[in-house]
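Next, two complexes with subunit A in common: one pairs it with subunit B, the other with subunit C.
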Partner chain A sequence: MADSTSKKLDFQLYVITGTNYHPGRSMIDVIEQALIGGADIVQLRDKTASKQDIRENAHKLRQLTRRYGVPLIINDHIDIALEAEADGVHLGQDDLSLAEARRLLGPDRIIGISTHSIEQGLAAQAGGADYIGVGPVYPTGTKPGRAAVTTSYVQEAAEQIRIPFVAIGGITLGNVDTVIAAGASRVCAVSEIVGADDPAAVCRAFKARLHAAAPQRSEVQADDFAGTGVIVNGVAQRTTARTVWELICQHRLEDRRVVVELDGEIVVREEWSCTPIHEGAAVELVHFVGGG
Partner chain B sequence: MDKMAQHPIEIYEAVQDEAAFEDRYSRQLRFGPIGSAGQDRLRSARVLVVGTGALGASLAQHMTRAGVGVVRLADRDYVEPSNLQRQMLFDEEDARSATPKAVAAARKLKRMNGGVRIEAHVVDVSKRTLGYLLAGVDLVLDGTDNAATRLALSDACFSLGIPLVYGGVTASEGMSAALIPGRTACLRCLIGDSAADDGTDTCDTVGVISPAVEFVASLQAAEALKWLSGNREAMRGTWVTADIWTFRVRELKLPGGRSRCACCGTGASTADNRLRQDDKPAIEAAVMCGRDSVQVTLGEAIALDVVRPLLEERGCTLTVNPYLTKAELPDGKRLVLFSDGRVLVQGTSDAGEAIRLCTDMLQPHREGESIVG
Partner chain C sequence: MMMNDQDSLVIAGVKLQSRMLLGTGRFPSPHVLQQALTASGAEVVTFAVRRVNLEEVEDDSVLQHLSGRHYTFLPNTSGANNAEEAVRIAKLARAAGLGSWIKVEISANARTLLPDPIETLRATEQLVKEGFDVLPYTSDDPILCKRLEEAGAVAVMPGGSPIGSGLGIMNPYNLGLIIEEANVPIIVDAGIGSAADAAQAMELGASAVLLNSPVAKAKDPVAMALAMKLAIEAGRLSYLAGRIPKKRYASASSAPEDSLFASPAKGAL
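Moving on to the complex of A and B:
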């Protein structure tokens, strides 16, 4: 697609939901942690929930991902993707055809296709997919019974596929270096991230491996992907916010009376939008106390 | 004071201390930074305490006991049973008689220190009344319970060059900062003026415990004593935020005035007194957040003795004291009428309904008027 770059497909770390991996914790909390850790794109996938539940989750994830400036992809459900204003859909080989999906979604939305061989990958590319999934690289509990394609398909994809491809399936911090070495510059993980006690930390570790393997990227770009490391109310996190105002918006405080302290001094409200957030910034967001 | 007040005022003049009380300030005099020079300064100082609720009552008590020459109290409200848990100057009898808070507070304060002039102003503190209340004042202590009044206070104080010591408290949390024209930014620059108050926690939604009140009032009173006793270099210069339940205390450095701000900036003109520019519309209504009440300002004085019979005829049960008339309507709603033209309408959060109730209930008879059209 000629406009694929305008669809913000400059991602490295792709995260997919998997509520069965984090019983007792909400999907929104877990995905927010992943976003704080640096996830670049999020897919809502749920093969067992009711359509109504999926719809509700899509709306919630849409709000969340907007705050972090990250694309949201919906697995399978084109109608829900349209209704929730998601950035696109992801389809399997057995789902609706790429051509029909494109007709329903129009030219501007992202369509990703799962592929399990170089033939399928080339077909998806020719058919107008914006990206493809390459996998499962390793056997995975997310897709039980599907034979692993191993890193040999990753190698083939790196050589022959010209649209973004993301390696997926059983990828962990323990094997990601092998996947990267085979030619992947984008990876996706599910259980390793959303099943972790600290999804943000796992995402940061993935991003560090991907960065280390991509020295040809300019420093500026690498920094963009990583976000800025800041401490907000004592908690270390990464943010894509470039100014105090953007950080306030990401925390949904733009309509609230809050006092903002940056590195020990209060920032007056008028200067929020022109005060940059720098690496290592210590920010305190304090709700104005009005009783008396 | 440049114009006559239209609201009820009670003034207790300072009287000479009896000989038996000559040791009244002995412990404060022995405190090095104050000493006798500081005590003399306190005696000649005038302080305005805005709001005489939880913070305000405590602040007024600190100022009165410390011997500040004039303690001016301003509050629009009257004492209710729900105040007694934390508003230290009030008792059950004040709540039974629905005595205005400023008046009830002044009576107690007078018994604590007859050497202080205590003024009780039963008044809604707004842009319209601040010019009068701020006349001759050296420092303002904030005991209000809402951001709008605080912003009006900040504007007025910065335009007149008067320090404002902010304090706020809800639940077990509190904040305080001394906002000083020429030194710090004004409140408007810090918290903004357009943000919605919706969703801001208030004492009416999340409650408040009295130790949190006293903690914040102590922070405010200490800054006031420094300023008024001549220890101005000792001012803290920070915005303190604290939770006394979990016990966290944090200080944030206050920035200086903004050059572009009309209130605290270098270009701010104190001659431009914006207090008297606003033309008051005939009737104003302010919904009192979280309290199921609306304050209606009628724009003209209410002759309470004239409206009482009307209210009784219209089925209201009245509670009367020299400052206000409380009318309970047959449907349970209440109108609390003050002679300065204010009516607190309790039992609704709808400004339109509140105005309609006031105009209906206070409408005079029109004798001889025909219903035939």
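Moving on to the complex of A and C:
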């Protein structure tokens, strides 16, 4: 089964794999950095690798994204998406039809469609897509030769598309504010994130821009900024902590002998800083008190 | 004299000179706790696992008051209602890096706090499998205590009477049977009210006594800690020395012959 987060699609920052942008570093490490930085949906895309390699990567990414509680989308390969228990697939205009994909995947999995015009976007929406990609907004190395749709399509999408749409294509920290100003509340970046020396820092910067723009849009999104909804020692709270270590520091417990349990599993101190806090996490912070 | 260095108690490979295990709850202040610990000579201390109070800035953890001394730590699983919860608490305690001893404590009744025998046995079995040194607090049932020993408990800790009741040893007969049958140390845990109770437990042959309330809630906890220490030593020594059998009638301390007022022997007539 795909994870229960499947259809919620409350992401803001979409990251897609691109191994050619980080020679010498493992894809899992780079994506984990992106997740630590706040990327909240991941797509495995690899147009050149063998199917066996893609399958293996899908399984690895599934484990990783589960730990961080974010959806995993597989580009093109429905069979691999099903086998690896991914949350959904992403299809281009020339791939399998939406109807056929839905038949194969069932009603619960996410289907995303690349669209390059408002006509394609509306067609995908009518056809039952869960989200659409809107782009390429700018010329991009990942889609050479494709004409940029510019922010005018972003603007049209913001006005006419009712399902989530994600602006994609050549988006960088340098131009993201323009894309957001055109109406995008979700953006996707590839080379800017996975090609960065510090993918986590880039993701944090993207999230900050998206957050800064979001309060004007809706109360619901404004609530998101307050952080992640977690339950600490049985009490629901919102925290901006991204890791167990940050949560410990926020409660000023870093110098105390505290034991941490996250969703029923003990997290040893050495792993506090690399263990993410996800939405809905149940955290127990315990210590020793007098007793007989 | 039989009370000497060779009379040490060994639990899970740890050699102990003191036969008092002291709980750390309910002391009037951390300072009193520290003084009482010193007076007691206890080498094993118990405590409980609880959620950190996130509203409270002050550190109310007990360990800060125990630093600088060498103790064997015996965290308990109080608050657990079943074996699964006890195992979860035990794992949290072990993750703190204070060793692998665990006192299984699963209370089934809020009024008596008497241990749930079935869950206690289950928890002991599971925790032994997980590599813990398990000291289950249990009811004073000889068969159950045997089962706990067979499950791999490093010591078995039957209660004298309900926790904090101070009723002393309600069933010395059972306790005697448990001790006779045991191949692991038997520690009387719970119910001790005064030094007399502690001495009685030791005279019955218990290997040690675990106390908390009778010391912590005494008018003078530090003095009571010392009284308990002396009583436990006295009781142990008395046990080793071998008490006389009980008789229905008197048995004079001096031979009756040659008493000044004795009737003359027949032969003198």
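By definition in this document, the second predicted complex is superposed on the first by the 209 of 292 C-alpha atoms of A that agree within 3 Å, B and C clash if a C-alpha of one lies under 4 Å from a C-alpha of the other, contacts with A are read in each partner's own complex, and residues count from 1 in each chain.
As a convention for this text, a residue touches a chain if its C-beta (ideal position, glycine included) is under 8 Å from a C-beta of that chain, and two chains touch if they have at least 3 such contacts.
Since this is a predicted model, take the numbers as computed values, not measurements.
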Could you say whether A:E270 touches subunit B, subunit C, both of them, or neither, answering first, second, both or neither?
-> first
Would you check which partner chain A:F288 touches, where first means subunit B only, second means subunit C only, and both and neither mean what they say?
-> both
Of the partners subunit B and subunit C, which touch A:V232 in the superposed model: first, second, both, neither?
-> second
Based on the superposed arrangement, let me know which partner A:P144 touches: subunit B (first), subunit C (second), both, or neither?
-> neither
Now for A:V259: first (subunit B), second (subunit C), both, or neither, which partner does it touch?
-> both
Is A:G106 touching the first partner subunit B, the second partner subunit C, both, or neither of them?
-> neither
Does the superposition put A:H251 against subunit B (first), subunit C (second), both, or neither?
-> second
Is A:P23 in contact with subunit B, with subunit C, with both, or with neither (first, second, both, neither)?
-> neither
Which residues would you name on subunit A as touching subunit B in one complex and subunit C in the other?
-> 256-259, 261, 264, 266, 268, 284, 286-292
Enumerate the contact residues on subunit A facing subunit C in the complex.
-> 232-235, 251-253, 256-259, 261, 264, 266, 268, 284-292
Within the complex, subunit B is touched by subunit A residues 255-259, 261, 264-270, 284, 286-292
Listed in rising order, the residues of subunit B that touch subunit A in the complex are 51, 53-56, 142-147, 150, 167-170, 173-175, 185, 189-192, 195-203, 208, 239, 241, 250, 252-255, 258, 260-261
As the complex stands, subunit C meets subunit A at residues 23-27, 33, 46-52, 54, 57, 59-63, 75-76, 78, 88, 91-93, 95-96, 163, 190, 210-213
